[in-house]
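Two complexes come next, and they have one chain in common, subunit A, joined by subunit B in the first and subunit C in the second.
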Partner chain A sequence: MGLRKVACVGAGITKFVRRAKETGRELAWEAAKMALDNAGMTLADIDCVVIGSAPDAFDGVHMKGEYLADGSGGFCKPVMRHFVGGGTGVFSPIHAWQHIASGKFETCLVVTEEKMSSCFPAPAGAFITIFDHTTEQPLGPTLIWIFALEMNRYMQRYGLTEADIAKVSVQNKFNAIDHPAAQLPGKITVKDVLNSEVLAWPVKRLDISPASDGAAAIVLTSEHKARRITDKPVWVSGVGWALDTAYWATRDLYYPQYVEKAARMAYEMAGIREPDKEIHIAEPYDPFDYKMLHHMEGLLLCKRGEAAKLVADGVTARTGRLPCCPSGGALGVGNPIAATGLMKIIELFLQLRGEAGKRQVPGDPRIGVAQAWGDLMQVGTVVVMSR
Partner chain B sequence: MSFLEKPQRNVDLTAYDGKIPVHYKYTLGLAGDKFFTAIKKDGKFVGTHCEECDVIYSPPAIYCERCFASLEDSWVELPSSGTVVAFTVVTEDDQGKELHCPQVIAAIQLDGADNVFIHRVCDCCIEDLGIGVRVQATFKPKKERKGTLDDIEYFEIATE
Partner chain C sequence: MSKEILPGTPLSSEEFEKSITIEEHPTLEYRWDDGIAIGRYLKELKEGRIIARTCCGCNRTMLPPRMFCELCYRPTDEWAFVEDTGVVNTFCVTRVNWDASRRGPDEPPLIPAVVEIDGASKGMGILHLLGEVDPKKVKIGMRVKAVWKPKAQREGKITDIKYFKPY
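So, the complex of A and B:
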């Protein structure tokens, strides 16, 4: 295609917390500085900066990209901010990939941030205007309506129970115990999930990831730069992004077409024909427990309706055949929206380098996929990384 | 709607009222916390100094935007005086309503700092205000200070 190879050579992440004392730009700097240090680089080595951050209404800062620019290393550099809602964090490396693959830049600092705790009484309030102002808003919808309807549709389509789905939350929160940035790690049981407060049936408190403050950053470079920086580059070997219908209520809620479209694009670029056999490790977006299942199916990691069985059988556990969310995911590590997607990319980076410490997936994984989901619940962003 | 059909008033078409029901509580941040604590407790400005770039930031940052060095341990005290580099006299509020008393806003080069500081200037100084005029911060009485920007009452033309 005439595109250059792009490598990830460094990563940094702040702790994900409910309420950070730091400002958003301070969080951005902590993650960005850590990523540069990890790569053994300085700001002078960086050609351009991309910033991923979800709605301005979370931080309460309009033009959040500009606000975050100095903490993200954007001083006197070409800076671009992108935003595809919850899909932002996995779109961030795609955006940076374009800068480098095109030949325009050699190095790019990729910074994602969210400070949801600024928003009172709850970040959910900022979501009201994503609903259609005349056909939906008069009903007083909340974001959880969408997920409740979608989860219910998914359950009835495949005959799944709430307990089948709760196992995802149990797995991911357990995995998060070993993640140093984690906000909500823990040993919980299916019963704990089922007994937690019902928010909009069938969605319960422990089916959901928390609102979080946090930032994450990586450094991407061209191939020849990467070879000089590290002997362990991790390649961005496939990228894909897609929107299905522009309106959430005009698609069938049981299947994430948006992910499949994006995944096929990324797999084609990465030369992956049988994702269920060729992918060693996956980080599907899991802001809700059923969404990890949904997204595993959209990523073609299993047949439709079979994801819950893989979780129940331990296939998706860190020691299973196809580890899913070995990081602990959004459910366990936390969900500062844009930073969550990049946290997943960072997990692949560390796992593929064999540097994930206690979280290290056995068996020397070489190919991983990360995915996020967002906009009005219909955008899919997918990145394949390999060693 | 045809090209020639032009509703003249923005309430002429059927509409639902909408509102984003949120408000915000911003943390001061690590740098802001020290900056406003110094104002509240001591009536003083502080900044951070990047030795590498020889730049002093006030209001401060915990990092140097130029070289990305950590400035978390590079605090300096600054005098609360400076020089006006630009000013404006505001006569309408943000809703377009005429202000009872015009508000003077200035960009002030704080002594020792490399960036300008934006704040009010006392309207009693309006006659003598100009570019290059020396000004001095007036802080509220200590017991009224809350650790916010309003702890600085305004800047006044320096007496000496």
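So, the complex of A and C:
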């Protein structure tokens, strides 16, 4: 294809918290500086900057890319901000990959930031305008409605129970106990999930990830730069992304076709033919517990309708055959939208280098996949990483 | 990574609540155009009818109607009335409003649903609400019919259909 190899050589992340004292710029600075330090680089080594951040409506700050640019190391550099809703954080490395794979730049600092706590009374209100202004907004919809619609459809299609799905929340919050950035780690039970407040049946409070403030950053470079910086580069070996229609009610919600499209694109580039056998570790996007299952199926990590069984059988646990969300995921680490996707990328980076500490997945994993999802339940963004 | 203890300063709940609020109330309102396709859709809702648009490229009868087919990427062909009945594709039961506020204890929960409308192509659903039904008795696959506002109260809005009820 004439594309150059691209490596990840450094990562940084802030704590994910309900409300941070730091401004978005300060969070971006903390994560970005940590990523540079981790790579042993300075800003002078950086050719370009990409910034991922979700809706401006969260912060009430317009032109958020420009606002975040200084904190993201973008002063007088080529800076581009991208945004595909919740899918943003895994799109961020794809955007940076384009810059380097094309041959235009040698190094790129990738910064993602979200500050959801500024929006009162609840960041959920900022989402009203994603619905069609004429045919949907007058009905007073909120995002949780459509997730509940999707979860119910998924459960009904495969005969799953709320308890089957709650196991994901239990697993991921448990995994997050070992993550230093985690906002909502803990040992909870299926019963705790089932007894938590019903927000939109079948979705209950503990089925959902929290709203969070936080930032994450990585450094991507070309192959020859990476070889000089580290003896443990992690390659961005596959990228894929796809967008389904915004007429979300006119497609059947039980299966995320757009995730499969994105996954197939990434797997083809990475030379992966049997993802369920070849992938050692996965970080599917889990803003809701059922979404991890939905996305495992879209990522072709198992047959449709079988993801819940893999969780119940411990296959997706950190010590299982196919660890899913060993980080603790959005459910446990927290969900500062754009930064969550990059947190997943950072988890693969650390796991594949054998630097994940207490979270380290056994068995010397060599290939991982991370995925995020968002917009009006319509975008899939997928990155395969390997060493 | 290079730090044992990560940066980021969590605020306590107390600090969270007593934060300084700068209030701004800019006078901003939006006057959206309804467009060619949805404009006609709304006009027909006012008449108590649901109209769709057909594409002879993919043979779909599309709801909501649109002037171009996103699959075939060509202009759509004809207007077609569809029924005001359909099937529940999925639903939920909620007390949460658009701004995350909760409905009052005396108010019944809302039952948002995707309704696949009879006469439109399979899977062509719209978001609406269900009513006149015990939330515990709603089932996916249940047949429902539109309950319209009286003619004099209809304004050419999606809310001219009050809700869908079992039939």
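Here, the second predicted complex is superposed on the first by the 387 of 387 C-alpha atoms of A that agree within 3 Å, B and C clash if a C-alpha of one lies under 4 Å from a C-alpha of the other, contacts with A are read in each partner's own complex, and residues count from 1 in each chain.
One rule holds in what follows: contacts are C-beta pairs under 8 Å (C-beta built on N, C-alpha and C of every residue); 3 or more make two chains touch, one makes a residue touch a chain.
What you are looking at is a predicted structure, and each value in this text was computed from that prediction instead of being measured.
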| item | value |
| --- | --- |
| Contacts of A:T134 with subunit B and subunit C, given as first, second, both or neither | both |
| Contact breadth on subunit A, by residue count: subunit C or subunit B | C |
| First, second, both or neither for A:F120, with subunit B first and subunit C second | both |
| Which superposed partner A:E22 touches (first subunit B, second subunit C, both, neither) | both |
| Residues of subunit A contacting subunit B in one complex and subunit C in the other | 19-22, 117, 120-122, 125, 128, 133-134, 138 |
| Complex contacts: residues of subunit A adjacent to subunit C | 11-22, 27, 30-31, 34, 37-38, 117, 120-122, 124-125, 128, 132-136, 138-142, 144-146, 148-153, 156, 180-181, 198-203, 213-214, 245, 247, 249-253, 346, 350, 355 |
| Residue ranges of subunit B touching subunit A (in the complex, touch as defined) | 16, 18-33, 61-63, 65-68, 70 |
| For the subunit C and subunit A complex, residues of the former touching the latter | 1-11, 15-16, 19, 21, 30, 32, 34-35, 38, 41-42, 62-64, 70, 89-101, 110, 112-114, 123-129, 135, 140, 157-159 |
| Interface residues, subunit A side, partner subunit B - complex | 19-23, 25-26, 29, 32-33, 36, 42-44, 57, 60, 70-71, 73, 75-76, 117-123, 125-126, 128-129, 133-134, 137-138 |
